[in-house]
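Take a look at the structures below.
What follows is chain A paired twice: with chain B in the first complex and chain C in the second.
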Partner chain A sequence: MKLAAGDRVMTSARNPAGHYRLPRYLRGKPGIVEALHGRYLLADERAAGRDVSEPLYTVAFAARDLWEEDAEADCIVHAELWESYLVGL
Partner chain B sequence: MPKPTASFTPSCGNRTLSGSDRPAGSGGHEHEHASESGAAFTRRVDALVAGLTHAGVTSDREITATLEAFLAGAGPSNGARIVARAWLDADFKARVLADANAAIAELGLDLSHWAPVTLRAVENTARVHNVIVCTLCSCYPIALLGPSPSRYKSEAYRSRVVREPRAVLREFGCAVGDDVQLRVWDSTAELRYFVLPRRPQGTADFDETQLAACVSRDALIGVAAASITPGSSG
Partner chain C sequence: MSRLNDVGGMHGFGPIAHSVDEPPFHAEWEARVFALNRVLMLRGVYNLDEFRDAVERIDPARYLGMSYYERWLTAIEALLAQRATIV
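Take a look at the complex of A and B:
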């Protein structure tokens, strides 16, 4: 998978045991790739003593996609997410 | 004292917590410390230091010297210098926004003595307000800005600022208008953010030192506006 800025993505809804740096409030949510950062060591693997790198992206989420009717107006939440957390739409 | 084992790794991880100890939905990492009592955390650090010292990996003297050297070069004044220069020099501002690591090197600031940190500046404008957080733990550009305020690490701030950032900012006395887009930056991985606040009104004749005095640590986080202070107007 190779993502570009502006691509629409869906985050994983996985709930694995162990270290996992996809925040729960961003799981299974639609977003848009805002920036590409090259490859970074995946923290989840690093926590287990393994060096595995993956492309890292900043993904933008509209607050209404996260909190529905509870969202404040015109808010965007960004997070850095590794490629294996994402599926292109 | 726990004896270090061959499987010990200096990276952050699940070194001490079994699966059943982990809070549901935790990102692991420093997250657990937030809900752990200070005394328990201190005991854990003491045990870790004792183990590393016993194994000959480090010493109390080396740890103290490293911390002192690190903190001596890290404080919000670094961020304030960057902001003040950016307000005065549009080309520098463009470089800060494009590649903050390279731009701050022009000011003699170097983050490489610590872990490699990719720094990113986000700019407030008349139509955009930015605020930074780390919901999983407490990621923060410590090497540049010094230790974060304790409320930055509080569970209340971390959980609320992604859900109701406008309400949180109102409580900080930093209300943002309905015509301003709110952008929250959750530092979940290897990037560290700081906010480039708006230049306050009435500072047209300020020099760089006076401008830097307008920039607080909270302004660099995005929970305050830059403002003229007694230190900057004198």
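Take a look at the complex of A and C:
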């Protein structure tokens, strides 16, 4: 597994066709890895009938990094994200 | 893909209405749809991610006007038709 708790990451800004579990509001955003969960089947591939596993992480995002001054201060958004959703490591 | 289900952070839908003693289903047919989906996945007709993909592939204009379990039933019908389980 390439990432460890505390690592800074960027999310991908990709917009692939098909099932994809990185929501729009988390694309191209900076976050910090908070927990490692081991390998899980990637939902994007499983939706197409293929079993491919990847490391899954909990990533924390500052709400102000997502919505700037429209977000509450000190608010954190957590998301469980597969490794291929993370770039700029 | 950014499909119509991806509404996180979007304005305009109004407050989420809920009550403390809300029943799990609002009509008997909803419970049947829930059970049907469980059985079809347990039997391996399709998996959860294929089901979610099918919900997301509903025509956007129809999707917005549907209730939660109407979307489930529409997705189940599409998957079964696709697999020629029903014709």
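Criterion: the second predicted complex is superposed on the first by the 86 of 89 C-alpha atoms of A that agree within 3 Å, B and C clash if a C-alpha of one lies under 4 Å from a C-alpha of the other, contacts with A are read in each partner's own complex, and residues count from 1 in each chain.
Just so we're on the same page, contacts are C-beta pairs under 8 Å (C-beta built on N, C-alpha and C of every residue); 3 or more make two chains touch, one makes a residue touch a chain.
Nothing here was measured: the structure is a model prediction, and the numbers come from that model.
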item	value
Chain A: partner with more touched residues, chain B or chain C	B
Contacts of A:A43 with chain B and chain C, given as first, second, both or neither	both
Partner chain(s) touched by A:T58 [first = chain B, second = chain C, both, neither]	first
Partner chain(s) touched by A:P16 [first = chain B, second = chain C, both, neither]	second
Touched partner set for A:Y25, first chain B, second chain C, both or neither	both
Which of chain B and chain C A:I76 touches, first, second, both or neither	first
Contact residues of chain A, present in both the chain B and the chain C interface	15, 17-20, 23-25, 43, 46-49, 66-67
Residues of chain C that touch chain A when the two form their complex	1-2, 6, 8-9, 47-50, 52-53, 56
Chain B partner contacts - residues on chain A that touch it in the complex	15, 17-26, 37, 40-41, 43, 46-49, 56, 58, 66-67, 70, 72-82
Chain B residues within the chain A interface of the complex	7, 9, 11-14, 19, 25, 27-29, 118, 135-136, 162-167, 178, 180-191
Residue ranges of chain A touching chain C (in the complex, touch as defined)	15-20, 23-25, 43-44, 46-49, 66-67
